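Just so it is clear, A, B and C label the chains in written order, and each chain counts residues from 1 on its own.
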């Protein structure tokens, strides 16, 4: 395949200004201040640890940012091959004038200082967004986030609900819920009402999605208030539930969320397949993995019960992509949502994108989100995706199906931006 | 890879006249009469529905063909990217002189009329087969099909057995069985005899395969007449069986079919992995999906018990292809059979074909079947496969292994046609 | 992608002399004596059988080597497409001056004789290794192997432990253990001591790895001596254990091996996912297959309990590669180990290599082992891998990431050889 054609398509796609439909940006501190904010991203700490660096060396309490970066740079030689390190080098080139092949123990300090100077500029956040071609960014907000003090037009609220579904057993979660809603829950009915208050609060602040990450074992079903009430009462009194009762409560809360999504006309982002704390001695955010033995058939009841709710779905295991393609092809309310975490590498993005573009209606595909914690990552991550997308458009459409370049680009633009607008209503 | 080489190989392969080893053609009405027959294919109705068109609009009772096509065309803009729509456009180009890029609300009517005129020609069926390079076509016959009134040399009977294995609990199925065999079943022994009568009937009409589609949970084992007789008696009396008893009956009937396949020397096509009615509110034939958690190890007992029966196997989940390759590599009676349904897109055909051509004996691979309901689809579907096959032959054989083009083409011809002849004895 | 670039990279990689980190070489008879040793490899016998040759014809007792080869050659026409037959032709070209396209019934005899003459040269073993670019070879030694009479510097011992974990119930295994250790086991404690003696023996002979193949159902956990002692006692007395007790014993022995690996600082090669004797009527070593429904989550407790033990992991099902990539990316003690058996074909090697090179630290990847039974196979098998590796380096690094060729080659050399040295300490 002509690399020139790929590059041409990619260059065109790069001109499009984007909305990033899923990130972990803190809107009060969206951009980085030093390279430590950037290299503290779990991708680097967990890979450095995996390559041999003791966790203690990475997470030593009180470590100043520059020393931390110096330590992490020592590991980069082992990680040079990874796409994650290519993001790092690429963003340093784009934003900080870095022009060497690799970040090494000999050149990192100058880079650190140059980057710090750049990031100290008062309008760095705006500069970064502008240079990255991003104009709006979805957040991941705790259910008790006040959603104040930032521009919700630029930083779009998204109600994240893992705590409600899976951690109501923790007193601090219940305390946060009570504080956020101003009401004490006494049972299933009042819990449902409290959740409704959260939706009202988020809705009045421009929320555009509800979201949750789910373990491979989860299988949602409708649970009646009567059925779950005794378990919820015991839970609210601080009792530890049996596994069966905990599942019942999770299903009830999850189903309640879906009902509110229907009422408030919110898409419900499902991120399916993560096992938490598989490696509990790992670094911060570097402990989760997955069991690939999961199926979307587990969500059959949900998809059938809520035809009016849009479910943009991300799958963690690459092998789940074929099910995702097929379920999106059949269910009007199932959407393919980007390339998540362990599947977010070009080898898998390309295979998965090919299948989606060949078999899922083009108005049902969200091409990509960055999942970033700091703004600087939107550029290299979307760039990686654009490269893969351009490759698929070139091979499968321009070459194999003889599409004109402009027709292929229109398809690319729809999955990169157009569908984010229509699906989330932004 | 040189696109020119791919095209050259594809052009050569296109010259070969084929036998289509699995279709849903109605031999009494094999070709289409209007575009509504073509666009009524579930691929278009289900994708239109998935992209947002209400089922009621697609399946409104009494809708005339032209109005129906007009409605479906409204959805094509959302489906333009799909390989299924590329089949549609390609067949309209091939057969109906269509020469625009897309079928749109402005050009469809002229196309509709031109197509209708073409299809009204008295020899359209013959023309279509000839232009498509197809000379014989396997059918999918209900067990009670009289198999009369058509040329069984052109349209080859295939005994489809889903109803017998999974739906004997339905009174209408039992009534059909009684009518077809002229005998009332009283228990396991007479049921077995009745099934034997079906084989005799089909055998006397040139049947070339027995076939069935199977859910992911199915795992065949031998069941003795004594063991199953009480359950079958209750079933025949109209009782609803427990899940365990229903499984027992299914296994007994399935095993009985395998025994008759041995006796009548018929290949037994297994199409593994479909869950029916996952989306019951979907359009006609657009309701089935799958659970990818399935393994060919579930068929271990079967493959060992019937070394004399050929089992051409289709798998629905793409991830099952590696098992299929490996089982075909080890078991003499396991054959790879085409690219089924949700796996029938170029992204997956290419990966799966590469693996099969690299690791399965070349006399054990059935390259492709069209699975079509109307003759017009053989052309674009086989074309899609030929493109993928040519790509793999070019890359993996001509380039990587330095084979001559003629040697690569011989391999291509064997999987396209030669093996259909040897495996099914046509 | 430029085929010339791929070839250039491959040629450079071919200059590197290698250590083969997993084989089944018999160090007392490492090279072949006739083509029958080569074509007796299970890949050829099982594929010939799969393509239609009766087992009896292949395994007829008392068959002389030349007749056996003549018979197997009859099947080659059906297997010509397979990568395994390309290994055969390639090694005959490299070592025996074969220069035709295919081995056929008309040309095999001359080849047989020429090969026999070559292999009769007294230094054939040295010649073969030298021409193949291999200098050291890991073995697969039974636990009671005396490890004497060969150069353990060239042929590196590896303690294979399947018999201990899964077959202690067989009297002959217990007898071999007693003989090897000079002690009779009376229960869990003495069994553990006996296993320690095996480690001491292997350690004093330069062992570099402990290894085992595991069925998909296996899930290791710590088992206390007290918990397992009664079951082991019954086992040692020749009783047949219940499935649960057999699992308990297997887990205890396995965990004990891991403890000794920690004590003796040995990597523990896990080869995950094989079901034995799925096709018991198959040819010798051509009976095993797999159930792809397996997850590395089953090894979570092990990876957490032994941070000081390196676990190079091979997976049998191709779909397991994504989990392997992800677990190696997170767990410091999990390493990717080559491309095993049914996954050892270019179609899968390429996909799997791409993902590993993009996401696993480069010091944690063992690129390839030959798994060979006879030395002549190292050449074509490593060649196959080098081709795939060169293709990935060209596409993903030189072209997509604009790496220099020398930088890409350094990465290639590290996974081909460097990591074998650092991981196994050779």
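FYI, a contact is a pair of C-beta atoms (placed from the backbone, for glycine too) under 8 Å apart; a residue touches a chain by one contact, two chains touch by 3 or more.
Everything numeric in this text was worked out from a predicted model, so none of it was measured.
Trainee: Copies chain A, chain B: same or different interface, half of numbers shared as the threshold?
Mentor: different
Trainee: Through what angle, between 0 and 180°, must chain A be rotated so its C-alpha atoms fit those of chain C, rounded to a multiple of 5?
Mentor: The best-fit rotation has an angle of 120 degrees.
Trainee: Centroid from C-alpha atoms only, then distance chain A to chain B, rounded to Å. What do you get?
Mentor: 39
Trainee: What are the residues of chain A that contact at least two other chains?
Mentor: 1, 293, 319, 351
Trainee: For a test of understanding, state which residues of chain B touch chain C in their complex under the given definition.
Mentor: 1, 293-297, 300, 303-304, 307, 319-320, 322-323, 325-332, 351, 354-355, 357-364, 396-397, 399-401, 403-404, 407, 411
Trainee: Quick check: in the complex, which residue numbers of chain B touch chain A?
Mentor: For this pair, the touching residues of chain B are 1, 3, 46-47, 49-52, 78-84, 86, 101, 275, 278-282, 286-293, 317-319, 342-343, 345-348, 351, 387.
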